[in-house]
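Paired with subunit B in one complex and with subunit C in the other, subunit A is shared by the two complexes that follow.
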Partner chain A sequence: MMRKSGKIGLALSTPYLLFALAFVVFPLLFSVYLIFHRWDGMSAPVWIGLKNLRRLVSDSLFYQSLLNTLQFLVIHIPLQIFFALIFAVGLNSIKIFRGFFRAVYFMPVVVSGVVVTIVWLQLYSFDYGIINNLLTQFGLPRVPWLVSTDLAMPSIAIMATWKNVGLYTVMFLAGLQGVPEEYYEAATIDGATSFQKFVKITVPLLAPTMTLVVILSTINGFSLFVEPFVMTGGGPLNATLSSVLYIYNQAFSFGHLGYASALGFVFALIILAAVLIQRKFLETE
Partner chain B sequence: MRNRLSTFVTYLFLAVFAIGFLYPFLWMMSGSFKPDFDVMKLGLLSSHLTAGNYALVFDRIPVMRAFLNSLIVAVAVTGSVVVFGGIVGYSLAKVKWKGAKYLTVFLLFTMTLPFQLTLIPLYTMIVKFGLTDNLLGLILPNMMTAVSIIMFRQFFIAIPDSLIEAARIDGCSELGLIFKVVMPLSRPAVLTVAIITFLTSWNDVLWPLIVIRNRTLMTLPQLITVFVLGGEAESHLGAELAASTMLAMPILLLYIFFQRYFIQSFISSGVKG
Partner chain C sequence: MLVKGDCIPNYRKNHGPLLSRLILVILAVAALSGCGSGSGGRSDKSGRINLVYWAAPNPQEIQLATQLVAKWNATHPDIHVEMQPLPVNRSTEEVLMAAIAAKTTPDVCSNIWPGSVPEYARAGAIVKLNSFPDFDSLASSRVGMSYMEQFESADSNYYQIPWKANPLMMIYNKKVFRQAGITKPPLTYSEFLADAAKLTYSSKGNGVIDHWMGYRDIRPVWWQRFFDFFALYKAASHGQSFTKNGKVVADTQAVREVLTFFGQCFEHDYFPRTYFSYDPFLEGVVATEFVGPWTISYIRSNYGGKLDFGVAPIPVPDNHTGPVDTYGDHKCISIFSTTRYPLQSWEFVKYLLSESSDLELLKVASQLPVRKDLLSISEFASFFQKNPDMKTFAEEAPYAHEVDQTPDQKEIFDAISQEFEKCSVYNKIGPEKATKELVKNVKVLLDWDE
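Entry: the complex of A and B
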């Protein structure tokens, strides 16, 4: 019996085993191979030892893209958690229209990033953008959202928060609905205020969801591509050059496939390290 | 009294942000029917409504072809991910064999791999196979995903073994079991995997930009990105908004009818993924 089911299990898994060999294992090995080669994609790859890695260590654009991602995350993650939490608490406290609001908040999550980016590109426009027009109507100065090197990445981080916050709102909301009502009732009897209940009961019970939000947002930040690609082309002065955009440019604008692959490898290691560190710190709390 | 006030404030707060989420989409849709000089106005109405923006888009780029390309790719990828995800997930959940444990560990390992790692090597493989400028180049590398297999496995484990044994005794083959017994019992999982896969495929731009250069083979989001960036829109804002409206509409329509399933899918895949 065991032998027969062994054959069945293997047979049923074979399609995936072949797929994984072709599209997971082989590319993985090939990426290691490419780190040590210079390659334009057409002529034969040339062994160059550690040159790609040495170049990466002294590549100012590599550090720039890393710092840009960091800047994105430092703004994006707290904003995301803050708004998702208050939206979720708000939605959890109402009865009528909850489904409607939830659906509206979630809408940007399902729509293509290209759509969101094209629309926000207009909203952020310096001379004609609706946001700046509104500001001037209130007597405020125009803000150089995407044209200032200091503001371009924060502007993209705000837009990304607008796009994704609905996802984290519904996750928090699902978490809140799993909190037993008795906890709050017991706290009320003990004379706790709403704020105390929020800090002492709600937040700790949502901690696992929060860890997830931080990790997903981090991976998101490192995957940023279409937003800077369409909005700024990575500018001004590389202020919005994201890691994936830099890989893309090296590979497809300059034809440095070996170096682009090395960049991808190192960025992947950084992402894995970041996620591991976040897990370790957030999950023990 | 206090309670009523706080309810009012909550609704007001939620409503203000609801407008903040809805307005950009409404502005986009109304702007797509406005002449350029009216687009940047805050109001959603215009006395000069025109279909000219759409005419310009249809004139400049093969939108219908791109829509079809996107649909072919997304349907093929989704179908394959569901079918193979179901088969492999079943072999991990309900067939007792030694490899199941190792394969599960391997799948969990591949789930942690960032896509940046294999992006360039995958591209070079597509080039080697001669699949650039070919929709297969978009379909093949996405035909199976570790996440979907794991999700099916988790769901199938909860199905009682007695049910499967009974079907086996009735002479049902393993494949018949999967598609006639196990999958129909797992509609929520099928729906979740299908929705997430379809959306991911439909909205992807990076991979199409890398693999496809021929305009008649581009996917819809890719073509529209190229349209806006490549200057073909000639900075006609109305045309850009018309293009993005066309890109958003199919998903928005699906979303309006199935929003419950969409949201549920994201929650369950996010929590498990």
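Entry: the complex of A and C
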């Protein structure tokens, strides 16, 4: 019987194993190989030892892209958690049209990132954008949302929050189902206010969901690409050049696949380190 | 009747081969999908040779390619050509790079950007066209060998032959100019800036500018610089190369002048620092635009009779003398090394470069074939008589230049884009410093490539 189930198991897992070999294991090993080679994707790779890593160490643009990504995360994650939590608590307390409102908040998540980005371009445009048009109608100055080095990344972070908040709202909603109603009843009898119940009951009991949301939004945040790619091209003055956009440019615009592999590998290690630190910190809390 | 335990031998008997078959099928599918040796160049059972030809994916060129291929197939029963539009992507170069890596290149492609040819040649992905005995005679009769020099690779071979050129010129809205009391288009930087001061304004009178002299995409995307910095650099430097034989040979005075000119355009808000999702010239929001002849057919088909426009050379420094050079935005034809039928592919290339095909290129796609006799062939002359705007572009064609035949053009243009953004768009550094930084950065790129 073991043999039979073993064969069936092998047969059933073969498609995944082949998929994993072709699209996970092989690319991973090949990217390690490329770290030590110069390769334009067309001619044969040329061994260059540690040259790619030496270039990376002195590549100021890579450091800038890391700082830009960090800036994005610092704005995006707290914003996302704050609004997702508020929306989740709000949606949880709604008694009518509950499904409708949940769908509305989730809608931006399922819309293509490129489409959302193009729509937000119309909102953010300095000279003809809808937001600036409204501001000027009230006699206020126009805001250089995407053409100021100080505002471009925060603007993108706001847009990304709008796009993704529905996903994390759903996660918090799921977490809220696990909070026993009796706690709230007991707190009400003890005379706790709504705010106190939120801070003392809801937030602590949502800690596991919070950990998940922070880790997922960190990983998603590190992969920031579509928004700067479509909206700013990494500008102004590289202020929105995210690490993934920089790696993409090196690989597919300039044909430096070896160097891009080195950048990608180091970047993956940075993400791993960040997630491990977050987990340790949040789980201890 | 089954007894206990029968299922095991039965399973082995029936499912064992099933498992093997399943794995075999999966492997076969994977192998078939991954082991293609080029998307073209096969002969069928009847002995007919099938070639694959990739054309640019815009509607006019698809129409042109469809017509040309239909004519070819009607007269060449032994060599069948299948036209495929280039797979859509951000750039043709990315598509071709992926195709070369996967060895799925077509036999012939007519949308080759000359700047990428050194890299394709280095990878051995394209065929030396000068290995065909009649290449020299064709190139010299069609284009002239002095013009061909800018398409010669560092190893003194020709891997491409220029098919069409889109010399960049300035298109201007005559109605808007007339309303501002301007009777002729600006030719120099001073004239352009003086006109810009009149044509940049707030139509609502609330101080918020909503009409501009011109517009350029300010995102630091490398190829956008062909249509502003590089074209005006070619004009200001009388066509001077930027790099040659691994060295920077740029006319630094011209670089400074062009950066300064665009700096003034952005500083005085004559060009908006924004990104339009529509063509602001066609909507009457900007008064001028730097364009190639493809715009003419687009305006005719979409704005016929509604837009009163004129065509003039791109602006030059005030002390400029002589003809106005420009960027040519050439597209060349190459044969890929994956072809099994180079001679037949070359025959098809010669057909694409024939006088009759070139006339179709003019009529259907409103693009200029690269020919030295462009203005003297009688059939062409009648076309230009009916289309005087296209004639203006054709007259500019001999002064249209291409990017240099050195590798890493994309990264060089990215370096240009970075300095253009810093100096001209955002005025963070002066033209002097930007020029020095640009030369230094391009040198680093050339050294890295050695």
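We adopt the following convention: the second predicted complex is superposed on the first by the 285 of 285 C-alpha atoms of A that agree within 3 Å, B and C clash if a C-alpha of one lies under 4 Å from a C-alpha of the other, contacts with A are read in each partner's own complex, and residues count from 1 in each chain.
One rule holds in what follows: contacts are C-beta pairs under 8 Å (C-beta built on N, C-alpha and C of every residue); 3 or more make two chains touch, one makes a residue touch a chain.
Since the model is a prediction, treat every value here as computed from it, not as a measurement.
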item: Room on subunit A for both subunit B and subunit C (clash or fit); value: clash
item: Touched partner set for A:G255, first subunit B, second subunit C, both or neither; value: second
item: First, second, both or neither for A:T136, with subunit B first and subunit C second; value: second
item: Contacts of A:T232 with subunit B and subunit C, given as first, second, both or neither; value: second
item: Touched partner set for A:I156, first subunit B, second subunit C, both or neither; value: neither
item: Contacts of A:I35 with subunit B and subunit C, given as first, second, both or neither; value: neither
item: Touch count on subunit A, higher of subunit B and subunit C; value: B
item: Partner chain in contact with A:L206 - subunit B first, subunit C second, else both or neither; value: neither
item: Partner chain in contact with A:A274 - subunit B first, subunit C second, else both or neither; value: neither
item: Which superposed partner A:I75 touches (first subunit B, second subunit C, both, neither); value: neither
item: Subunit B versus subunit C as contact partner of A:S43, first or second or both or neither; value: second
item: Footprint overlap on subunit A, where subunit B in one structure and subunit C in the other make contact; value: 8, 10, 15, 22, 41, 118, 122, 125, 128, 252
item: Residue ranges of subunit B in contact with subunit A within the complex; value: 7, 10-11, 13-14, 17-18, 20-22, 24-25, 27-28, 31, 39-40, 42, 84, 87-88, 90-92, 95-100, 103, 106, 110, 112-125, 127, 140-141, 143-144, 149, 174, 199, 202-203, 205-206, 209-210, 221, 224-225, 228-229, 237, 240-241, 243-244, 247-248, 251-252, 255, 259-260, 262-263, 266-267, 270-271
item: Residues of subunit C touching subunit A in the complex; value: 8, 11, 15-16, 18-19, 22-23, 26, 30, 94, 97-98, 100-101, 119-120, 122-125, 206, 208-210, 218-222, 272-277, 408, 410-411, 414, 418, 421-422, 425-426, 428
item: Of all residues in subunit A, those that touch subunit B in their complex; value: 2, 5-6, 8-10, 12-13, 15-17, 19-20, 22-24, 26-28, 30-31, 34, 41, 87, 90-91, 93-94, 97, 99, 101-116, 118-120, 122-123, 125, 128-130, 133-134, 162, 166-167, 170-171, 174, 212, 216, 219, 222-223, 225-226, 229-230, 243-244, 247-248, 251-252, 257, 260-261, 264-265, 267-268, 271-272, 275
item: In the complex with subunit C, residue positions of subunit A that touch it; value: 1, 4, 7-8, 10-11, 14-15, 18, 22, 40-43, 118, 121-122, 125-128, 136, 142, 144, 146-147, 149, 231-238, 249, 252-255
